[in-house]
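Here it is, the structure in full.
Letters A, B, C and D mark the chains in the order given here, with residues in each chain numbered from 1 onward.
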Amino acid sequence: MNTPMEKKKDSPPPIYWIADYLTPSDIYYHAVHEIIAYRKTRYQEMLIVNCGTLGKGLILDGVWQSSSGDDFIYHEPLVHPACVNHGGPETVLVLGGGEGATLREVLKWKTVKRVVMVDIDEEVVSACREHLPEMHQGAFDNPKTTLIIKDAVKYLEETKGEWDVIISDLTDPIEHGPSFKLFTKEYFEKCRAALKPGGFFLLQAGPVSLPSMKMHVRLVSTLKAIFKYAHSYNIHVPCLGHPWGFILAGDRPIDTLPEVSRVNKLLADKTSGEFRMFDGTTLLGLMQNPKHIRDAIEKETYVYTLESPPIFSTQEIPK
Amino acid sequence: MNTPMEKKKDSPPPIYWIADYLTPSDIYYHAVHEIIAYRKTRYQEMLIVNCGTLGKGLILDGVWQSSSGDDFIYHEPLVHPACVNHGGPETVLVLGGGEGATLREVLKWKTVKRVVMVDIDEEVVSACREHLPEMHQGAFDNPKTTLIIKDAVKYLEETKGEWDVIISDLTDPIEHGPSFKLFTKEYFEKCRAALKPGGFFLLQAGPVSLPSMKMHVRLVSTLKAIFKYAHSYNIHVPCLGHPWGFILAGDRPIDTLPEVSRVNKLLADKTSGEFRMFDGTTLLGLMQNPKHIRDAIEKETYVYTLESPPIFSTQEIPK
Amino acid sequence: MNTPMEKKKDSPPPIYWIADYLTPSDIYYHAVHEIIAYRKTRYQEMLIVNCGTLGKGLILDGVWQSSSGDDFIYHEPLVHPACVNHGGPETVLVLGGGEGATLREVLKWKTVKRVVMVDIDEEVVSACREHLPEMHQGAFDNPKTTLIIKDAVKYLEETKGEWDVIISDLTDPIEHGPSFKLFTKEYFEKCRAALKPGGFFLLQAGPVSLPSMKMHVRLVSTLKAIFKYAHSYNIHVPCLGHPWGFILAGDRPIDTLPEVSRVNKLLADKTSGEFRMFDGTTLLGLMQNPKHIRDAIEKETYVYTLESPPIFSTQEIPK
Amino acid sequence: MNTPMEKKKDSPPPIYWIADYLTPSDIYYHAVHEIIAYRKTRYQEMLIVNCGTLGKGLILDGVWQSSSGDDFIYHEPLVHPACVNHGGPETVLVLGGGEGATLREVLKWKTVKRVVMVDIDEEVVSACREHLPEMHQGAFDNPKTTLIIKDAVKYLEETKGEWDVIISDLTDPIEHGPSFKLFTKEYFEKCRAALKPGGFFLLQAGPVSLPSMKMHVRLVSTLKAIFKYAHSYNIHVPCLGHPWGFILAGDRPIDTLPEVSRVNKLLADKTSGEFRMFDGTTLLGLMQNPKHIRDAIEKETYVYTLESPPIFSTQEIPK
């Protein structure tokens, strides 16, 4: 119908882009092929988008949270190391975790009788329920699930000695964001008090890339001020641009040299559903941090408090 | 409160960017400092944003429409050359023109008794009314204004010989967009029939930059197939990345060598309000196209029809 | 030979990009399809590249100078308005002008007996001679041409009352760049002294886009402090991202309302070769600045001196 | 000296950028703060740049090779797992490895009597020697080092049963690049023949990120067709944008559950100099691939040959 010179290209290039400043000199641009949902909620700005290769993405206050295409690489290591160390959790508390994928992983444990998810932002949770079924896979409707819309700090004031595992899956502590004060000693003390004896606390704990691992390292130091044991691990999540860090903490020793066959047997006995990235071998690998990260953790003594909370920002590479 | 190493930068760099592919090798990225409004309407996807230096921007289907900071450079040349050539328009029809800035300029003519704006997309118009007061400046509430939500083609079927000036201020003809068929001979014939004898038609007519002026040149050729006279002019609008083209058409001669003092006197007599970029000298300059654009227009014979409408896309630089 | 899943895309996307910060929120990225030449000379860093749609580009100290695809839109208005106002220049001095395209345009005037080009950077000139034949088209080898490698200021100290037309086609005054002090009253005084009585001076004078026209406006004000007449004009050059400004100055009146047919006759009589964008109509259009630019020029009184030279940088949009 | 409005910003934003298309929708832009060296050699295009946070970067044919700021995260795992598995290498052959950092790591083994580096591109090697002393740290001048400028395939034809460890540290197999045919069965057979009995072969083996690990997985499959054992591991290298893959292969079993203390003792006894990221714990972690990568490797049967070599390109995420 049109002359050849005017023919439309098969796939026009993306128009919207979201920049993630890995460092001031290294920028990761995510294409947005389609805006699926946009909300300015009471607490934050939310976008759910089609981001192409990696599927659908959730962005809060401009920060990429997760993508449906690689979310298993984030959510399996977020949930299962704590559960394996516990051995058979019955009660699990998820703080944050808007997409419902953390719930999804928790519910793989047949031992779980009750999982409570506490998120401050009802609009984000309901948008994720509607637009990200790949991620929650019905977890919100599971009879073991209770969803509570509330400030995590307020909820923690009401619950003591009740949880086998607590997973703090909050947005990064950007200024004016809703999670600003939830990466501090005071908050972690409340989490510890909410655990049953022998329970484990798991923190999503920011990037662990060479140029930007200071916050992670300080969070390890902060958790060590509260718990007898705290162990850092990380894995590269493509949509996040960095290896992402987690910290497992508790007053019982953490098994950092787990026997592979024992873990695989525990998973076979006590979980159902498929794991894509997690098993005994994966756990053994996760528990071993490279030397430069262990060295950085060892040297750090800073403790984040309400008086001096972290501010998530790009830092310079250490000399 | 925080250690110096962690202090937040005074102005964090923009996270959202909108790409305008001037050519496949030349990309203009617009920063989005804040999303002010987002709508997926029945017809198109709309964003109103804070774009920094250039103020607020309106984006439809990913295409930048205008910015509050430089809209006068687009809207004054869109409206006044037609009105000056007419001499004292009483009835003006605006097709499209969602922001209300075209209305704003029309209403500067004290001769105008009635201006009708016909736009297909009520949601876009109402969002502009709410969020872009800098642009409409109350024009929607002027008693001379009538706003009609309707398909421009349908409206044109009901109005004959009624208008001194018709301004077609539509979105570019991207495929699946609402304006796809409104850049054709058939549409322009309807516009001509709606004019009073001696009336003028003005078309927003796409970029006129060396690598992307083919559609503009073909629109001149198409209008020349309908009207006795058609004259192309353009001006660089910063937020649009290119010089932007307009075509003034009618069955009366167009004054392409206007006497500066005569135009200034006409404006002094028949308009009120301030002009920022337009006056007699400006009009004289606008009417003179550089030689390479005149040459391209002269050679072109293609006529856009419903059978072979334009598709707005980036073209290669002519040899 | 390879499986379909592994086939290489027909045209891989560009890897190198050069950013032009039109404003802090508006960035023009130029693709570099191939690096043709790279030099770190005594004075500046030079790149000659294949930039795709716009042909070959010359970049000095990171600032785009010109592209072979659209250089005529820059170089014809740089040279011919001064020559037309003079009427028949015999001696022309070009200060800067590394690509040789300014020479090329000057040599279209059959009246010219001698054109001297003074450029400080031999390495840049010789790279342009070798790699940009599209631009100089042999102008360096014309018997009327003399190329002198020298600091323009030093050359100006040796030449008095000698030139019908002087064209200052220097790089922008970025700090530490070679042209930093050549946009000042002191320099323009030397240029004036080098002109014959009745001669004209032409300055390439920076962007004239709404958010970044302050330097241009101040250059007009500075030239008015030296010459009886100074007239600003501009045209959008695609590869430069902005409309680009020129200032024509002299002690004879400048014809700002040139009669089109008279100019065309002058060109027919006194020039040879083809013009792509320039003729009488183009000149008439160029001479008419839009009102907002004239207003800004009228208000400005700042004079650049060696004590307070310009610094080329992006400025905020005026309120 | 200048008015405040014109003051230069403290650190102007970077002008040159190098794009790494992690996927078609995910682009990593590296800022180039300064071009330190540029060469178009007989084999490839080379850039050495100051890339800001990550130090100095080497780029060959537009592909980022390494950065001085994080090169230890690439070069320590490239060299030491093979050497630890060998136990005390005396002769080491490095194929490629232009920066000299692979040599640097090999020379940490006190057991090494002779290390030969074979690189095809003398100009790249000499530019790295001159401009990247942070990376080679004098390794080229070590009396144990022999540098041979030659095609790796030709060199392999002359050396049989001679090496304890061979490290293939070549550029990715982009079309027309110099390494196109060095990721094939035929090449790996030559490497195997050059090893002493009990020797180990180590291949730098491309990205292992979810959307782009197909080439890596096929390289494992190809090496398994030649060697009795082949083990894949990877680590995230910030400047490379992805976790980067390595494959250790040999005819002796590879210890995938190394005892940490035994490794640390071996390193203490047989190496000198500091390790930044490598030790026994790091090695134990490296040897454990996450389940989804092991699964992908297990399913793969494709073998790269000269008839069907790999083409390095971005692939779609697997369903």
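What we mean here is this: contacts are C-beta pairs under 8 Å (C-beta built on N, C-alpha and C of every residue); 3 or more make two chains touch, one makes a residue touch a chain.
Everything numeric in this text was worked out from a predicted model, so none of it was measured.
Within the contact network of the assembly, the step distance from chain B to chain D comes to 2. Look at the CA centroids: the one farthest from the centroid of chain B belongs to D.
Copies chain A and chain B of the same chain sequence form an interface built mainly from equivalent positions, shared numbers / all numbers used being over half.
Chain geometry summary: the mean Cα position of chain A and that of chain B are 47 Å apart.
For the pair chain A and chain C, the distance between C-alpha centroids works out to 55 Å.
In terms of their C-alpha centroids, the spacing between chain A and chain D amounts to 31 Å. Multi-chain contact residues of chain B (touching two or more other chains): 14, 29, 316.
Chain contact summary for the complex, chain C toward chain D: residues 1-3, 5-9, 13-21, 29, 35, 38, 40, 45, 62, 175, 214, 302, 307-311, 313, 315.
Of all residues in chain A, only 14, 22-31, 33, 51-55, 69-70, 72-73, 209-211, 235-236, 238-239, 241-243, 275-279, 281-282, 284-292, 294, 316-317 touch chain D in the complex they form.
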